[in-house]
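Okay, structure first, notes after.
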Amino acid sequence: MKLRYLEVSVGLFVLLGIAALFYLAIQVSNIAEYRDRDTYEVIAYFDHIGGLKVRAPVTVSGVRIGRVSRIAYDPERFQARVTLAIQSGTDFLPADTQASIFTAGLLGEQYIALEPGGDFESLAQGDEILFTQSALVLENMIGRVLTNFSSD
Amino acid sequence: MIEFLANLGRSGLHWLSVLGRASMFLFRVLRAQDAVVRRYRLTLAELYSVGVRSLLIIAVSGLFVGMVLGYQGYITLVKFGAAEALGGAVALSLVRELGPVVTALLFAGRAGSALTAEIGLMKTTEQLSAMEMMAVDPYRRVFAPRFFAGFLSMPLLAAIFSAVGVMGGYIVGVGLLGVDSGSYFSQMQAVTDWREDVVSGVIKSIVFGFVVTWIAIFQGFDAEPTSEGISRATTQTVVISALAVLGLDFILTGLMFT
Amino acid sequence: MNDERVADTPHVVVEDLVFRRGRKVIFDGLSLTVPRGRVTTVMGPSGTGKTTLLRLIGGQLRPDSGRIWVDGEEVARLSTRRLYALRKRMGMLFQTGALLTDMNVFENVAFPLREHTDLPEELIRNLVLMKLEAVGLRAARDLSPAQLSGGMARRVALARAIALDPDMILYDEPFAGLDPITMGQIVTLIQRTNRTLGLTSVLVTHDVVEAMDISDQVVLIAEGRVMDAGTVEHVRAGASAWSEQFLGGRPDGPVPFHYPGDSYRDDLMRGRESGND
């Protein structure tokens, strides 16, 4: 009897702990992204990426379809080389798709928005997005506005 | 000045010899781990007294910590008009830091001190010695199952703490303060990374479980066999464990969250 | 080895034993033999390391030099496995009983059987009840160690020590702190266990009267050496001034009443000198 109680309560404890881990994985974290390993990678070069970080969302029309998997500096092109991991379900992005870095909300993080073009060919693994728009840097904008005012 | 240096040197040597003995002890305990499977009933009993009996305090503390996080997080975030980010703030602080660290501190106070007192008493009343004379290895019979139980319980307890805390944050944030339920969880999922945050938190709690249980069992084993000796060892377990957990937390955070 | 030769060889031989604790020398060239099947009592003043001697025999401590043989095996050189095998043939009764506090009386006596044998539950039950009956505590089997008096705890510990039917039992201060009735019970028990089971018994004690009654051989130790050894009659006859003082319980003699130091007079004078400064 006593052993039975021990076995059952310890079993419940371990189950509860594992359930909590599952809860943290599925409800709290983004394990769903790890689960669909099926992604293909495309590359985009930006003059300036602003505050973009690895794992930032990649969206089309505001719908999340992937994430930034790598950010590096390309010393030959003097540009930032950003690798986007896109879910293989979304394999119909035209080759002339444009990638822009936007900011979500006032304090929010930066993300990449894709705007599909009109090409018949689609982007595939390893392709480069040719049309990119860099992040807006607040200081540059202010500077430009000021020069405009002074030249007037 | 010379006196001060001499004292410093003496206590340095003292702690060095304690560390040496503790390492020898750990080595022997680890070598006896086959007993954990072979004597699974003992392990079961220890899992009960170390894990199951810590469950209530861990769950209740997790709930309250989560609720406070929900409240404080809301007050701060609402100033920036970012109350939707509450879920992320609550989850990240729990999974990365508060879950593993607070669980380890509570565990040291609840289970660690009990382990030290129990083993210290067994030593004082010559029970360990008697086992040896009955040709029963205390490392296999007493230390190995307790060590394993502490080591296994800690990550489970920390996960329960974090999960309950997330729910506590939900109760306050969504239930009382009116944050949108959907954005609470979607924000959470957007900022909490499985590998970088959750798995790193679990690794932390595994390390804490190892260290706190080691300290607790060794303090009992090394206690002076008197009642003052046991009480001193019990206090030391809590103090040293707390310092070790906080210090290691700093190091692990630096290593894992770059 | 045939049985007769085994019966002739001493059970325990201690030769030229030296043991130190830190700088303090506990044993300094101690030699003694314990004959098989007899009761040997090691007596000496408190703090002479009598318990330490038992731990050395049981292999829990290692001598700094000198050798100890038990059953023809040199204890300090045995591998852990051989040492444990030897200990199964050796019971030890601790001063406090050292019962496992998380088990009741029955489980305490069953402990060595469960640890070392795969006997079916029913047989274990019978064996345990038999051992408990031998010490008169069969009815106390469900009590927890905390509910036992000192004497009862020691009797349970004795039942546990004989659970595996050992060849030898080491008793550490079996009479310390007992009332006369309990003491009598323990004395009888030791005697009876020794006779009926044909065990070698080694007692360590400073209770002269009780020990003398049941011993076949007495070894007096002090200052890390054997002061006197032999049959009860031999020792009682007063082989040396030291044993006379010890057995007679005289406050002063070869063992001085005063802790060694400079003379009282010098000490007092010094106080006066420093007072003048």
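Side notes on the structure shown:
To keep things simple, chains are lettered A, B and C as they appear, and every chain counts its residues starting from 1.
Heads up, the rule we're going with is that contacts are C-beta pairs under 8 Å (C-beta built on N, C-alpha and C of every residue); 3 or more make two chains touch, one makes a residue touch a chain.
The structure displayed is predicted, hence computed values, not measured ones.
A comparison of the B-C and A-B interfaces places the larger number of contacting C-beta pairs at A-B. Averaging Cα coordinates per chain and for the whole protein, the chain whose average falls nearest the overall one is B. Centroids built from CA atoms put chain C at 76 Å from chain A.
Chain C has its Cα centroid 43 Å from the Cα centroid of chain B. Chain A and chain B have CA centres that are 35 Å apart. Those residues of chain A lying in contact with chain B across their complex are 3, 6-7, 9-10, 12-14, 16-21, 23-25, 27-34, 55, 57, 105-108. Contact residues on chain B toward chain A in their complex (touch as defined above): 41, 44-45, 47-48, 51-52, 55, 80-82, 91, 95, 153, 155-157, 159-160, 162-164, 166, 185, 188-190, 192-195, 197-198, 202. Only residues 55, 58, 60, 84-85, 87-88, 90-92, 94-96, 98-101, 111-112, 115-116, 157, 160, 164 of chain C touch chain B when the two sit together in their complex. By the touch criterion stated above, chain B contacts chain C in their complex at residues 121-122, 125-127, 129-137, 141.
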